[in-house]
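In the two complexes below, chain A is the common chain; its partner is chain B in one and chain C in the other.
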Partner chain A sequence: MQVNRFLKNLKEKIIEGILTLSGTITSIAVILIIIFLFKEGIGVFNQAPMEKELILAVNKDNHVKELTPRQIKDIFDGKIAMWSELGGSKDSIKLFRTEDVSTYFTEEELGANFEHLPQKINEYIAREKNVLAFFNKKYITKGFSGRIIPLKKIGVMDFLLDNEWFPTAQPVAQLGVLPLILGTLWVTLLAILLALPLGLATAIYMAEIASPKIRSILKPTIELLAGIPSVVYGFFGLVVLVPFIQRVFNVPVGETGLAGSIVLAIMALPTIITISEDSLRTAPRQLKEASLALGASHWQTIWRVIVPYSSSGITAAIILGVGRAIGETMAVLMVTGNAAVIPHSYLAPLRTIPATIAAELGEASYGGLHFKALFALGCILFIMTFIINLIFEFIVKPKKH
Partner chain B sequence: MSALTPKGNSTRKRILQIVGFGAFRAITGFVVAVLFGILFFIFHEGLPAMTWKFITSNPENGMTEGGIFPAIVGTGCLVLGSMLFAFPIGVMSGIWLNEYLKDGYLKRFINMMTNNLAGVPSVVFGLFGMALFVNQLKFGDSILAGSLTLGLLALPVIIRTTEEALKSVDDSYRIASLALGASQWQTVSKVVLPVAFPNIFTGLILSIGRVSGETAPILFTVAAYFLPKLPHSIFDQVMALPYHLYVISTSGTDIEKSRVIAYGTALVLICIVLASNILAGFIRRYYTKKNKT
Partner chain C sequence: MAKLETKGVDLYYGDNHALKNISMQIDANTVTALIGPSGCGKSTYLRLFNRMNDLIPSARIEGEILLEDKDIYEKKFPIDILRREVGMVFQKPNPFPKTIYENVAYGLRVNGIKDKKFIDERVETSLKQATLWEEVKDKLRKSAMELSGGQQQRLCIARALAIQPSVVLMDEPTSALDPLSTHKIEELIFLLKDNYTIVIVTHNMQQAARVSNKTAFFYLGELIEYDDTNTIFTKPAKTMTQNYITGRFG
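Presenting the complex of A and B:
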């Protein structure tokens, strides 16, 4: 008896231990995911917007102290040609790049395996007063006489507010997320504006107007549609919606923000309909009957009693719909055309944050600047959905009870 | 309801109601038409492609002909792998959270975190899986990395479903069982779990449907563009249905020619999701009936 009880207790303890262990592991894993994501993402702010092994150097007599990423880009694009525009002498900027090294030196000078290249670069920078040289760190020799231009680390505000996203631009990557954030918000906003009235009307119809039989068919089938993979919706958008928009609006490409919004609206519809219908049906019968008994029509009862009563549930539906739309990747990637510019029209291509991650992660080298920038995008996305969840948890849920 | 509407309302009110209801009917008709139009379209275009050969043979001629067998097998592997990982851990964590962990800040915090994770976009999981599993742990692009990534995606959903299922079991069951001298685990395993099981199982089937259609998490963790052979180990790459649909409709060798294959693939994907949903609904109904009688 004693032994039996002891064994029973032991078994209890072991099982409880296993369950606790699995629960703890899961919780720790969840927290580790978040930490990992942010650690990698914040890494982007610890470095200059240039791959670590590359540098920019000038002649030691040059007085320009610092250059912003934008200035460097303008110089290499030919938009800034004079040092005076940057606070230096009144000379034109002479660019030196290792890619076109053969225009500066002959093959004999460089040697068969470019073994003299570091020496030559050094000499060139020492000789040319107006040079701005862009080359790999490994070419710096011992007696290097030039001055390396320090690049400022990427600032959080620059990252969020710059309006150019060219993460692979040379020599300096342009990492401005603003077009991507705006693209995401634009597409989501229109999607919800399209889906909300349609979804709400359908939900009201199902909850209040339709006969029980119609409802019992509609409800499960609409729930079913919520499970269809986003890539299928994207495919549908690509083969039907995109050509349609191109024809109807007579635009050069059909892959536009509008196409993305419509696809997202279609995808958000089942969620919005199901959740708001559920909440409309929680309106107590007494309220409804009281309203009808006071002489209000069914239509008035719906608008003045039932919808206001269920407003928190409807808000929940909108919030969840927004959450789903913001993070949607494949469908948007397939139909929006992916141009990383600040959107000005729904009939032009635009690009969202998730689509950017999906489109560019394959070409970003592991641990590099571009890779970290994509992680930072992931963090932004995480924060957006986190805020949406918080709103849901603290504003919508308590009202239900 | 119309029986309840008092007679003698002003005509204006009645006209408003008729017009309003008519508008709502029309809108619902439109919404249903759009949603079903998509399904109908995929079925209509995809059915001609659905032959036995399409399901059982390899892609040919730069994926413009032949079948999608490797992609079906690949998706099968990924679903199996992710569920082997996520289902036991998810259910155990759910049981721990609901039956063992006492209410308090810790529980609220864990619940908030899992809820949050459930709302995180799938592409973020792909990003994470690629960095951790593929690169840091050096699994490479493999079934293992892909399954773990998809498993992480499904984990919070499974935990939540388990918790909901356990919560719906009335507390009187537990109290009665404990009062009879049963231990906690006996109560959980012999009383609570049997009642909650159908709902947990339904959750499993629904997550299978969801996992088989996810594209973004497998883009960089496992999916192969073209690989006409079957995997031999968990460190092999595989093709997968949703990724296959994505590549042949956006960047295939000949997009126009491979359209038929794309429709077929979309149809297979939809069928998997529909089958899992219908099966889940069936199980739920079956057990509800059984519990009532």
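Presenting the complex of A and C:
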């Protein structure tokens, strides 16, 4: 008897240990992933949005202290033409880039292997008072007479609020994520607006109205939808939906926010339907009977008693549906057209955060600016889903009984 | 004229013959207790009167069930009118997860009443009838789930009374309650009997004896004996009734 008890206790302890360990490992893994994500993502704010080997230089008499990425871009786009606009003298800005070096110097001046280039750049900067030179660090000679001006680091607000996403732009990358955030929210919002009424209606039909036989066919079918790989949905969207939208709305391209929303809505439906249906079916029979016994019709009972009773389950369904929609990558990537501009219409192409990460991570060099910017996007996506969960939590909590 | 009447009613759940040829008359403004061991069909019988058995797809009913001489299972008898006339209180307190006020107002709202003043009045009157008003008048907007079990059951009675039925069916209304709450419900039944026809299913012999005017004893789907409560408990005609009320089986 004594031995038996000992073995039993030992077994109990071992099982407990395994369960605790599993829980711990899972939690640690999740925390590590989040730490990794944020560590890499925050790195983007520690550097200027320019490749490390490149520098900006001006004549030593120029008084401009610092330039922001935005200003550089405007200079290169020709929007800023005068130094005075940047707090300098009233001269026009003269750009110097090594790519068009042959317009400044002859081949003889540079030498056969460009061996005189550093010297020439130095001379050129010393000579031209209004120059803004942009070249590789290795061309700086010992007696460099110009002044190197630092480029401002990327600010959090610039990152969030700038409206241009062009991470491979030269000389400075444009890292404004606003179009991507808005694109993600737009697509998700419409997807939920489409999926929720349809999903809830189907769930109510299955839980309350459908005969057991119909339900036994419908439920597995809908659950099957959840198992279809998202690339297949994307393919369907691309082949069927996109041409359809193009034709019906008579737009130049069918790859639009609308196409993305419809595909996402279809993908979120199984989640919304199965979870809300399960929760509708947990409504106690007694409540239903109480309602019917007071002369309420079936529909009144559903709408006034069963749906409110299941509201927390339905909310969970919405959260998971939103989660699915907001994080969905492949299908959206295939049908939204991926134009990183602030969306003004559902009939225009747009681009979401997950699609951006998936499409660009392959071409971003490991540890580089672009790479870190994509991680920062990942952080933003994480924070967005987190906030949505919190909001729903606060909406539902007070109604719990 | 009897308030409620069944004439040769048979009820089948699939192949199970749950009620066998039951004929019975229930007078207006009386309390009728239905007693018998579990599974004897007394709850099923009770649920005939507000057509609650309709919810069970396999249930099949034969015979006539009359409310004031009108067949309530006829097509032209609207089910919502029937249920407005015949209220019900269930075994377990089952308030809706809403406020106390909304629970009582529910029956009025689903029957299309929108006049706020009228609803306010009905809520107050019904809660007073159910002797709950004093306890809840300051927290009408609180969730009904915060009330105790006994209070919840009285709330369910108030909810049933709000739509002004003439018949109240009670399906073991005190079986989930403590003795004190049970006592309050019994007092309440006593008060209500002047204005309502009450049919109560109970497992509790003393309760049947205390609250009812007439008692019907059911066994295996049959109505064994139906008489004045006094007669049933003092000199029943059938030995089976005698055995049941003295606790020899059941």
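Heads up, the rule we're going with is that the second predicted complex is superposed on the first by the 354 of 401 C-alpha atoms of A that agree within 3 Å, B and C clash if a C-alpha of one lies under 4 Å from a C-alpha of the other, contacts with A are read in each partner's own complex, and residues count from 1 in each chain.
By our rule, contacts are C-beta pairs under 8 Å (C-beta built on N, C-alpha and C of every residue); 3 or more make two chains touch, one makes a residue touch a chain.
Fair warning: this is a prediction, and the values are worked out from it, not measured in the lab.
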Query raised in the report: Once the shared chain is lined up, is A:G176 touching chain B (first), chain C (second), both, or neither of them?
Result: neither
**Report entry** Residues of chain A touched, compared between chain B and chain C (which is higher)
**Finding:** B
Query raised in the report: Is A:S297 in contact with chain B, with chain C, with both, or with neither (first, second, both, neither)?
Result: both
Requested in this report: Applying the touch criterion given at the start, work out whether A:Y309 contacts chain B, chain C, both or neither, answering first, second, both or neither.
Outcome: second
Report task. Have a look at where A:L287 lands relative to chain B and chain C in the superposition and call it first, second, both or neither. Result -> second
Query raised in the report: Now for A:G146: first (chain B), second (chain C), both, or neither, which partner does it touch?
Result: neither
Query raised in the report: What residues on chain A does chain C touch that chain B touches too?
Result: 289, 292-293, 295, 297, 300
Report task. Could you please specify the touching residues of chain A with respect to chain B in the complex? Result -> 8, 11-12, 15-16, 18-20, 22-23, 25-27, 29-31, 33-34, 36-37, 40, 197-199, 201-202, 204-206, 208-210, 218, 220-225, 227-236, 238-240, 266, 269-270, 273, 289, 292-293, 295, 297-300, 323, 326-330, 334, 354, 357-358, 361-362, 366-367, 371, 374-375, 378, 381-382, 385-386, 388-389, 393
Report task. Provide the residue numbers of chain A that touch chain C in the complex, in ascending order. Result -> 284, 286-297, 300, 304-305, 308-309, 401
Query - Complex contacts: residues of chain B adjacent to chain A - result: 1-2, 4-6, 9, 13-14, 16-17, 20-21, 23-25, 27-28, 30-32, 34-36, 38-39, 41-42, 88-90, 92-93, 95-97, 100-101, 110, 112-117, 119-124, 126-128, 130-132, 135, 152, 155-156, 159, 183-185, 206, 209-210, 212-216, 219-220, 242, 245-246, 249-250, 259, 262, 266, 269-270, 273-274, 276-278, 281
Query raised in the report: Across the complex, what residues on chain C touch chain A?
Result: 50, 52, 55, 80-81, 83-84, 87-88, 90, 92, 94-98, 106-107, 109-111, 143, 145, 156, 159-160, 163
